[in-house]
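Here's a structure for you.
We call the chains A, B, C, D, E, F, G, H, I and J, going by the order they appear; numbering starts again at 1 in every chain.
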Amino acid sequence: MSFVPNQNKPAILSELGSPVYAALHEAKGRKGLSFEQVAKAIGRSEIYTAAIFYGQAKPEPEDLSKLAELLDVPHEGLVDALGPNFWAHRGLGSMPPKDPVIYRLYEAILVYGHPLKHLIHEKFGDGIMSAIDFNGDVERIPDPKGDRCRLTLEGKFLAYKRW
Amino acid sequence: MSFVPNQNKPAILSELGSPVYAALHEAKGRKGLSFEQVAKAIGRSEIYTAAIFYGQAKPEPEDLSKLAELLDVPHEGLVDALGPNFWAHRGLGSMPPKDPVIYRLYEAILVYGHPLKHLIHEKFGDGIMSAIDFNGDVERIPDPKGDRCRLTLEGKFLAYKRW
Amino acid sequence: MSFVPNQNKPAILSELGSPVYAALHEAKGRKGLSFEQVAKAIGRSEIYTAAIFYGQAKPEPEDLSKLAELLDVPHEGLVDALGPNFWAHRGLGSMPPKDPVIYRLYEAILVYGHPLKHLIHEKFGDGIMSAIDFNGDVERIPDPKGDRCRLTLEGKFLAYKRW
Amino acid sequence: MSFVPNQNKPAILSELGSPVYAALHEAKGRKGLSFEQVAKAIGRSEIYTAAIFYGQAKPEPEDLSKLAELLDVPHEGLVDALGPNFWAHRGLGSMPPKDPVIYRLYEAILVYGHPLKHLIHEKFGDGIMSAIDFNGDVERIPDPKGDRCRLTLEGKFLAYKRW
Amino acid sequence: MSFVPNQNKPAILSELGSPVYAALHEAKGRKGLSFEQVAKAIGRSEIYTAAIFYGQAKPEPEDLSKLAELLDVPHEGLVDALGPNFWAHRGLGSMPPKDPVIYRLYEAILVYGHPLKHLIHEKFGDGIMSAIDFNGDVERIPDPKGDRCRLTLEGKFLAYKRW
Amino acid sequence: MSFVPNQNKPAILSELGSPVYAALHEAKGRKGLSFEQVAKAIGRSEIYTAAIFYGQAKPEPEDLSKLAELLDVPHEGLVDALGPNFWAHRGLGSMPPKDPVIYRLYEAILVYGHPLKHLIHEKFGDGIMSAIDFNGDVERIPDPKGDRCRLTLEGKFLAYKRW
Amino acid sequence: MSFVPNQNKPAILSELGSPVYAALHEAKGRKGLSFEQVAKAIGRSEIYTAAIFYGQAKPEPEDLSKLAELLDVPHEGLVDALGPNFWAHRGLGSMPPKDPVIYRLYEAILVYGHPLKHLIHEKFGDGIMSAIDFNGDVERIPDPKGDRCRLTLEGKFLAYKRW
Amino acid sequence: MSFVPNQNKPAILSELGSPVYAALHEAKGRKGLSFEQVAKAIGRSEIYTAAIFYGQAKPEPEDLSKLAELLDVPHEGLVDALGPNFWAHRGLGSMPPKDPVIYRLYEAILVYGHPLKHLIHEKFGDGIMSAIDFNGDVERIPDPKGDRCRLTLEGKFLAYKRW
Amino acid sequence: MSFVPNQNKPAILSELGSPVYAALHEAKGRKGLSFEQVAKAIGRSEIYTAAIFYGQAKPEPEDLSKLAELLDVPHEGLVDALGPNFWAHRGLGSMPPKDPVIYRLYEAILVYGHPLKHLIHEKFGDGIMSAIDFNGDVERIPDPKGDRCRLTLEGKFLAYKRW
Amino acid sequence: MSFVPNQNKPAILSELGSPVYAALHEAKGRKGLSFEQVAKAIGRSEIYTAAIFYGQAKPEPEDLSKLAELLDVPHEGLVDALGPNFWAHRGLGSMPPKDPVIYRLYEAILVYGHPLKHLIHEKFGDGIMSAIDFNGDVERIPDPKGDRCRLTLEGKFLAYKRW
């Protein structure tokens, strides 16, 4: 069961090939739900939930059932597109990013990348912060001088194996 | 007063032109200090302190005095190189990063960049998280399944001006 | 409600995905209006108004109502495409620009970028001119030796936070 | 007469080949002068003056005399390096810019480039704003919500010749 | 009025978005006319005429009338596509060029670019040869050792403004 | 016999490896000669002469003798560097060009490349204008509205062989 | 007369725009002919014949007649697509090549390019081997240790003109 | 035993790191030998011999002895640089090549790469022409219309293994 | 016989042009088969079998018969698309890879590429490990600290021919 | 204690900045040891040992002691360069690789990358093979048809965390 391609979909979604993502976004818009609400309803974090809508995560079967019910999209269609035979091709958009929101994250790496690497080594030793065994959060922190956006990225430290 | 170029400096520092950075790293190594200790001694955060050592921040005059004293490097040399006439050219290393530590941060943007953009918009509206009015932190979170590295990036939300 | 893709649309608009932009341009052309006239009618600046037609700004609900009325395009279609669920993916065209008009702006950065950076630092200190809390203007300045184009770009100065 | 290469010069100057630029910057720093002061002393605008220090403009003979006197650098050396046999190779730094100050200007083109092109055409017709018969200014505009940086770029309009 | 996309159009034309270019080429082919003949009929130079067929020039209203009549294509369609609301997005094809004909021109710049720059400076001073107030010609020069192709490129000299 | 590297040489010459080019430029400057004068003295065209100074042509033995005499540079040094064992590695500078003088030539190809290809085919058939059996000229054409720079590029037409 | 686009065509052909190439390949496949057989039938070499099928050569009128007859494809369609108004846009595929067969040729240039240049100069002087007045051949050379593929590339030597 | 870096060495050799290559070229020049003569003297083909001089082949011990004797360069130095501990890092120069001699070979792949791939498959099946078990030759073929350069590239056919 | 394009196909398959790959994946999914099962059924290795589904291998006629039977897809369609006239254009996806699974393999080359090259030379001499006469395997190795993925890549050593 | 830069070092080592790598390679060469022998002597695997020599691994203190003793290089120098203050910047060489040995590994990813991704997912689920908790081996497998090179890459499977 295939979704019908949607003329109004944001151009970035067309990189993902399947029309399922535009269908999910459209249904969420029609229901007037935020990702915060969708996340609560399906019992996932906000980032993980949004990642499903951008093809960057592989949902579990129960995620699909809950999404189908919450958003009134055909369950069979979700299973065909995002079910057991779906393996996410992660990585979306070209680099460097053109959009200023995403560019600012990229700039943080350009500016603080080497200092962060050095700190990670001093605190943990020779290894990396995993981007797989990984979770994160976005919060709005009220501040009288202007609210702040706090982004938490957390990954398991993985030591380089010596052999 | 110029520092003498150092043969053993990590290649990344040579992108910064001046030998002051290798001199700072070497002095810190000679003193056996971590960035955590240097940061505490000069009253700055760890990331900001490390950023000074990688040419990614403009230190205040008192930062230079404290660094000169702490590390036993000539104050005059630091002022010549990083004082009032120094304006940091931020951005270090080529992209995409080759080093796996920095690449994992880059990958987080590749994978979660569009979901994060969408969440920032839903929580704040049309605008960005600043990378200038910005601070951050790296922490080691003990975990029985393997300690985790928690990276906090926080920036003021800036709304797009309409005019 | 979806707009019908238009054969004659300039190729650059197809980067934006949705056919709404070609529909806006076509309606403006059919009405014989300049951006100066559209801007006056909706109470926005000329650059901001043109930015809406190129997917580079998020219009307010009242902007959409005024545009729908002014241009005789279906209001519902504008709301579907550019309303509350729309978050602009800014950044249009590839770099370096091929079009000579845009290239001259790019060249100004190639030639005067480092001098401008140095002047901004001397006048304001360590920080940037915001491209978000930002406005601009284009004027035609009569000149007997040939009229001149004056482009004003103005952004709030943002100081680098020290922490 | 050749200037001696300087260890502390910012890395960007090494793209320009000759050590004359680092010598000028160092002399200006030693004298404690801002570009505003140098510009006033030699009777040029601030941007044009800074452009000379970054190899992006060809100074006139009288500019060199005044610079030599003002900054106490050998006149003969300036004439050898920047005199009648010098033709500036304009264009400095790699693109996209990594430094956030310069990147924000670049981003203004990414976001407003096509709207600006359209407005220039509607106001002037088929042609460009010259980047050669060109001048500009940077001003600090006081503002209770945070001072603003106003950048004015002005160029003669050049119509495409039809033949 | 829209032209119908044509299956046989050369791939390069599809970069231009609108099907009007393929329609013009096809009509010219059907009439068996060379650009020399079309140019004579509309009173323009050969290069300028060919530039219209590749979306690289903005024709005047009378050019469109003459083309419509000469080539038997609907005048209304030409006005819709290339009339007052059309602003050429110049720059066609990717660089470096793959096609050997265009590559040889590119190679001439790779090899003779710096010598030409130096000669232009010695003959005119600090400035450029305009590519906007610009005209050109292609001629076939008979030669017993093999006819030669003479390309003339002529632009107004524009001096760098000092300010 | 090797030339001593020169501190003041324009950065572009360092791409060529050998210090002979800076030595030639410096000697020409010391003698106060233009390329027009050097060309006349050695009996070559201006472009070809300038090409020798930028490593883009292989001079004949008599060219070296005349240059050595005219410019008072050691003949032996010229023969070592540019004599029978020298084979020019043509192609200088990176693309797209950053310098505005050279960029305008590049832009002429971006804009008129496909029209020129089409005209060459209509006038000559399937083949190219050679960039090897090639000559050129730069002239200053007086014009009351501003002198013009006329660049002539002429190459033998080479037909594609069918086999 | 236009050919109908074919679903099964190799992706590389879609770079060429027109469906005529897929139609030629399909007809050749349907007839069970090798390029060796097609070449013999139309009196051209194998490489030249294959080049026609990949849009890399401009066939003569008699080539089209013979192909139409041999392959049972409509002659009128071939003339529309590849006849007098067709000028090949040569250059196919992106570089570096991904396909291992083509990559090995590319690698031969990476490894032997500079040695070959030096040998060509020693044997012929200052000039190039033409890629236009050019022919080639592919042969299977039986060899007990494994048959070898012999590729012959032959071009007229063109001496750099001195002027 | 290290060779002294040579000021006059062609810039391409500096990519290879060691000064041994410039020393070999210089000695060959001093002796007035062509690669044809060197090749004959050491009993290797011309291309292979030239490849040694450009760091693209690993010479055998006897090659080094013969080169040292023929060219009067210290044998110990050759063994240190190119002996048993040397493993060639093949691949020289950037792509696409700027030099016209090498570009023409590159262009042959751009134009004839896909036709050649197809012919190799039809003559040999699914596999490649090796660039390792590979040899080649350059010949000058006299021709009354201008001598031709014949380049033969021959490699063992390697079939894709199925497993 | 052509397969019908499938809306849900992973975007990566669209690089391959023909809809046959999506049809194979869909049929395999419908049958609920893993590549391990398909491989066993057609008597090929797992990697080779998966390579057929991604257009990276040329199947033998018996492979197509077995696949058609196993997966219930029309044999004629497979033969049209992947039979005797099909020559795989190998190389899929852009580099560097964005997907983290493939990136980790790429990173292994970035980090261990030069060490591996050195070891291959010490164990085998001057030559390469073939990627053509090549086979491989992926295994799951149980491990109490977390199962491991063992990837074996094996290729015939090919010595550089000296000639 | 700094090592003296070595003229003969392979160019790739200069990417690593410090002269310690050339010193290690030279000492190993002087001792006539293979990596197999060095690895055995220090009790590490061959790949890991070679990775130390190419700056791609952080040796343990005892590795440095053993290397200093085995190779007769000053221990203090090794500790200064590769001791507790050294954090490897992994990633060496540019991509795509030019050297054919390393290119073949890269090609294996181009050709088998997507099939391997699919197999990893079917065998392990949604996750990656780690390149950090990773080990490998290179073996020479005797084979009457030509010895084979077997490369084993083994990494812990890391499942994507759901949160």
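Here is the rule we go by: a residue touches a chain if its C-beta (ideal position, glycine included) is under 8 Å from a C-beta of that chain, and two chains touch if they have at least 3 such contacts.
Values in this document were obtained by computation on a predicted structure and should not be read as measured data.
Asker: I want to compare two interfaces, H-I and I-J. Which one has more contacting C-beta pairs?
Answerer: I-J
Asker: Just going by residue numbers, which of D-E, E-H or E-G has an interface where over half the contact pairs are the same as at C-F?
Answerer: E-H
Asker: Distance-wise, how many Å sit between the C-alpha centres of chain D and chain H, to the nearest whole number?
Answerer: Chain centroid spacing, chain D to chain H, equals 46 Å.
Asker: Return the distance between the CA-based centres of chain A and chain D, expressed in whole Å.
Answerer: Spacing between the chain centres: roughly 42 Å.
Asker: Which parts of chain A, given as residue numbers and ranges, touch two or more other chains?
Answerer: 12, 47, 90-92, 96-100, 107, 110-111, 117-118, 121, 127-128, 130-134, 158
Asker: For each chain, which other chains does it touch, given as pairs?
Answerer: Pairs of chains that touch one another: A-B, A-C, A-D, A-I, A-J, B-C, B-D, B-I, B-J, C-D, C-E, C-F, D-E, D-F, E-F, E-G, E-H, F-G, F-H, G-H, G-I, G-J, H-I, H-J, I-J.
Asker: Under the stated contact criterion, what part of chain A meets chain B in this complex?
Answerer: Of all residues in chain A, those touching chain B are 12, 34-36, 46-47, 50-51, 53-54, 56, 90-93, 95-97, 99-102, 104-124, 127-131, 133-134, 136, 138, 140-141, 143, 145-158.
Asker: Could you list, by residue number, the parts of chain E that touch chain D in their complex?
Answerer: It comes out as residues 44-45, 47-48, 57-58, 60, 87-88, 117-118, 121, 126-128, 130, 132-135, 158-163.
Asker: Quick one: in the complex, what on chain G touches chain E?
Answerer: 2-3, 5, 15-20, 80-81, 85, 89-92, 131-132
Asker: Which chain E residues qualify as touching chain H in the complex?
Answerer: Where chain E meets chain H, its residues are 96, 98, 100, 103, 107, 110-111.
Asker: Once bound in the complex, which stretches of chain A touch chain C?
Answerer: Checking each residue of chain A against chain C gives 6-14, 25, 29, 97-100.
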